[in-house]
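Structure, as structure tokens:
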């Protein structure tokens, strides 16, 4: 079992495209399910280290520990769900290429233990994200993709600058080695490096001050793509950002700054969504809000809170995917994603799915989102961060206001169209909601996984060279 | 200690109300109603704060979705936001408690470990949760609209059952879990006065309503105001009084809302101004409503007096004279809306045009059941006392004496329900007999318009039902008018306006062009570089 | 024995009620410089009305209204003890208490209001509405005074309340409370300045509008008994009750004359005025009285 | 050619200064230019400036190019320049070209659909669109 499979198998599938160009949707499902299975089989062999070395400086190191395993499993799961969702819509070459590449990119990002490799996977995932944005091939799509590229190119400039400065000052790129020697760098340069990395990852991880592009991009892309962005892309960058943060032992004041940024992200996003009438933008803002909470929680570098944040990443990813896929169904039917479409259809199952996933997103019991939120709140309270508790609770009300405004449409209005939802889609969406309900009612196993992951993330998993 | 949850309130709410109403429901909402039932179960049988909260929130959202089929969007927004606001306050309190206890299980909570500031903060947060759910004045906006816009049957559930959740929460948190906590007594003092002020203001508001269910909604707020006041005493006998009143109020509101549901089904009308004179079309409903309002007014001869009596004597025992005066004032003012309710619907002249339908027979069952229980409780006022005392005893309070079921005992006196009923019955029958046996014969008028009308004869188009506007003159009384003129809604609307302005400002950031976004990022970089050194 | 006692109480209340009614009409006439009717005028009126050939009714609720009202008055008489000691003339007071009586006092009027409402006459309801609106304010000072008395005695039981006054009656021990209660009492007795409810100059006849014949007779009789019950209540609460029947008559008479004289010289308040007055002056007295307790 | 600088430190400082001037100019272009093509071109310049900065700072006048031939059979830091930056930059250039190509494709498609390629006229996204 090699970690390289997570990168090589998708790439192989891409190279062999000409062989099965008519069955890409099926191949995509098979590929993602295979990767999910592979990820699940890794459970008992953690942590895993994989080194492909020509000579020492040229080594490519992949590491899979508890935290990255959790995310990898999540990513492959979401990829599988999304590809299963697209099964009904037949062959789509552009989607296959872009999404498979995105899978490579995000898996590589969390597996890489080498800053330059991280940069490469950063770029791969970015390029595939640009492609995904442009998938609809209309003015909105291209406009969005161009915006995205401008911001993305800017981000990669700063990431590159940071990496270059690190190599110039200590001559290593392996994360473990950097962690050991980072203290040797002159403090001012240290700060510059951290700042460059922060700008680079922060833009992609959609943190406040750097995230003003996000709503437009979600609006420009398909709803089903939105699920990938929100569940995979931003989370992988966020993970790398905090992985580095913990490894480089940043100062408490810098952690505090990150927490502040997280809180700002949360507040700004929830308030922005309050007036929005474009459902994709609303979901984008809600994603930003959750990222804000996750950032806030992770910034405390506390085992319990980090576990809670990981839990939130998981539950949010599943809930958001369900919501975006359901929205995709609506968008395909109405050719619009304005929030009024929620009042224009009648499909009890779909409405139920949207309502329940929305409740989980809001952190309302008995869904898994509640467990995550409760853990975050109790974690914050046990660190005596009562201000943060109050903030999260207060601003969650704003979140509730706009989410429930969407849901209200279900029981209101007249002249609704009956919307046909295929049984396969029902099965898929139902599975996601069951997942949320199941982990909401029996959160213990998932919480334990998250705790183990948080411990490994905070423990600073140096890989001996 | 903790099988408390499984006793009175659970039995009461499950056994009595929901099961009576459930068979009546439209099929498509059945799942949601079952969820609501389930959430109550979770709430009552919880053994940890997390489970309690799950029940609390499920109750909120399942009722929201039931409500959503009939209410306006603004009402729904208000409903869910107030409810979630309360729920999040509860969540804040739970998080705070966890910060000190490290566990959410009931058995692990020891409030004596809490420093005073934390205990007070928790108490305040819990107050918010309790007050929102109970519709304490200022936080009551959601109650009235949702009661009046729900389907008639769901109004009954909302008022009879869900409105009591706040009381349950208070008892569980303050009297069971946080009993040892060093809560500032001033907080309870404020709570007591808030409760009674709520009941006074709500009573006046109720009197000036023109819609039946809005009147009853304000009445519910007022009744729960008493319960809040009495609970704030934090005494065993007060707890029993509060629980007794909860029981009575549940019965009354079930009866009244079902009665009104019947009327709405018959006439398709909601306002007093469009109703009137129903007594001779629906005499049984009239009698049931009369039983309801007499109990609601707290008069002897029906169960409503029992709990009022316990409340008053509890306040007397604590020597809270002014508080008691205010409660009695509010209670006396309630006569006005009680009469308005019965007059506006059943008495006076019947408006011309209306066509009548038939009320579903199934609506009668809960009404008859409640009415029968109210009469039974009047006869045997101590019947539920033993049951109520169980809770108090579990919490370490002395039980009330219920050796004679006819007599309701309290430290400030007692009364004999049977004697009251008997005396009234004998007097009533004797006087009725006297009247019947009189030489004089009663002659029924042929035309209902044959009334003394300043020497004139009113015509059919003359508006003779203007009595429905009773209570309007309260607007002319200097110290009541401001209460009726001002609405806390203005405050909340302004708050939401501020939020949406802020929202517009922030969301404009998210529509910036890519260049501006990069410029901002660069600025952030520069600022941090210069400032962060 | 008890039954005999009860009948005696009713008889006393009935007799003295009509006697006082006649006296009231006489006394107020003298104050106004008129002669007034004979003492028995009201009583003979009621008998005359009762034996009339026909009385109009609007339906069964209209019929029951006066019956409920009269039952309420009877209950009031039975649940207030006439004497502060001994076994006789105690009625059913041991089965009730002050709070019960305070609420029983509203029961009758409510039953009557139902009857009035069912007649469909808007003026009747106007009177009822005025009465209820005035009641808001009327009860408040009385309740405050009653609360003071109950807290002072430590019980709501009439016997204990009267016993507690054996050294000094509440009238002198708590003059402010008494003043508050007395002003309310004027209203309860339907005296000026609080008599807007049934005033013919204001409302076309008020709550009694449609009642005629035997119904009106029943209403008159219960009104007489009810007035006596109210006097009784005041005597018991603030004047230590009565040791024997003679004392009872004397005390109620004094109270009655005072109320009549005051009522005869005051102009009438409108509904709004009476509510505002009652909430300001007597309520304030009551609150101060409670604070001094 | 750079022998005139004598020591590497001076050379590196000069290169750093020059590169950041170019970088600044490029960023200026990114932020100010309205034509989409110019903007992406500016990004390329900025990248190039970074490449120069990185490679230039690893250049040492006395050392050889890290190419294995004529007796050089292994990487020896004492003899040759650190080879890693060069490998990195090569990779980065490839990525940069790929991104640029993609960007220009999008710009062309966008131009075909809307008839303009000015960033200040892009208004297809936002509330109520």
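Each chain gets a letter, A, B, C and D, in the order it is written, and its residues are counted from 1.
The criterion applied here is as follows: a contact is a pair of C-beta atoms (placed from the backbone, for glycine too) under 8 Å apart; a residue touches a chain by one contact, two chains touch by 3 or more.
Values in this document were obtained by computation on a predicted structure and should not be read as measured data.
*Asks:* Taking contact as defined at the start, I'd like the list of chains shared as neighbours by chain A and chain D.
*Replies:* Shared contacts of chain A and chain D: B.
*Asks:* Whose Cα centre is nearest the centre of all Cα atoms in view?
*Replies:* Measuring from the global C-alpha mean, the nearest chain centre belongs to B.
*Asks:* Quick one: point me to the chain whose Cα centre is farthest from that of chain A.
*Replies:* Most remote chain from chain A, centroid-wise, comes out as C.
*Asks:* Taking each chain's centre as its mean C-alpha position, how far apart are chain A and chain C in Å?
*Replies:* The separation of the two C-alpha centroids amounts to 78 Å.
*Asks:* What whole-Å value do you get for the distance between chain C and chain D if each is reduced to the mean of its CA atoms?
*Replies:* Those two chain centres are 101 Å apart.
*Asks:* Roughly how far is chain B from chain C, going centre to centre by Cα mean, in whole Å?
*Replies:* Roughly 33 Å separates the two chain centres.
*Asks:* In angstrom, rounded to a whole number, how far apart do the mean CA points of chain A and chain B lie?
*Replies:* Using C-alpha averages as centres, the distance is 45 Å.
*Asks:* In chain A, what residues contact two or more other chains?
*Replies:* 146-147, 150, 154, 216, 276, 281
*Asks:* Where in chain B do residues touch at least two different other chains?
*Replies:* Counting only residues that touch two or more other chains, chain B contributes 507, 511, 513-515, 518, 522.
*Asks:* When you check chain C against every other chain, which residues touch at least two of them?
*Replies:* In chain C, nothing touches at least two other chains.
*Asks:* Each pair of chains that touch: what are they?
*Replies:* A-B, A-D, B-C, B-D
*Asks:* Note which residues of chain B are touching chain A in the complex, please.
*Replies:* For chain B paired with chain A, touching residues are 50, 53-54, 57-58, 60-61, 64-65, 68-69, 73, 76-77, 80-81, 84-85, 88-89, 91-92, 94-96, 98-99, 102, 104, 121, 499-500, 502-504, 506-507, 509-518, 520-522, 524-525, 528-529, 532-533.
*Asks:* Looking at the complex, which residues from chain A come into contact with chain D?
*Replies:* Within the complex, chain A touches chain D at residues 55, 57-58, 116, 119-120, 123, 126-127, 130-131, 134, 137-140, 142-147, 149-150, 153-154, 156-157, 160-161, 164, 167-168, 171, 173, 216, 219-220, 276-278, 281, 338.
*Asks:* Using the touch definition from the top, list the residues of chain D that touch chain B in their complex.
*Replies:* Against chain B, chain D makes touches at 27, 30-32, 39, 119-120, 122, 125-127.
*Asks:* Under the touch definition given earlier, write down the residues of chain B that touch chain C in their complex.
*Replies:* 277, 279-280, 283, 286, 290, 294, 297-301, 305, 308-309, 312-313, 316, 319, 321-322, 324-325, 328-329, 332-333, 335-336, 338-339, 342-343, 346-349, 412-416, 419-420, 423-424, 427-428, 431-432, 434-435, 438-445, 448-449, 451-454, 464-467, 470-471, 473-474, 476-479
*Asks:* Sort out for me which residues of chain A touch chain B in the complex.
*Replies:* These residues of chain A touch chain B: 146-148, 150-151, 154-155, 158, 188, 191-192, 195-196, 198-199, 203, 209-210, 212-216, 257, 268, 271-276, 281, 285, 355, 359, 364-366, 370, 374, 377-378, 380-382, 384, 386, 389-390, 393-394, 396-398, 400-401, 404-405, 407-408, 410-412.
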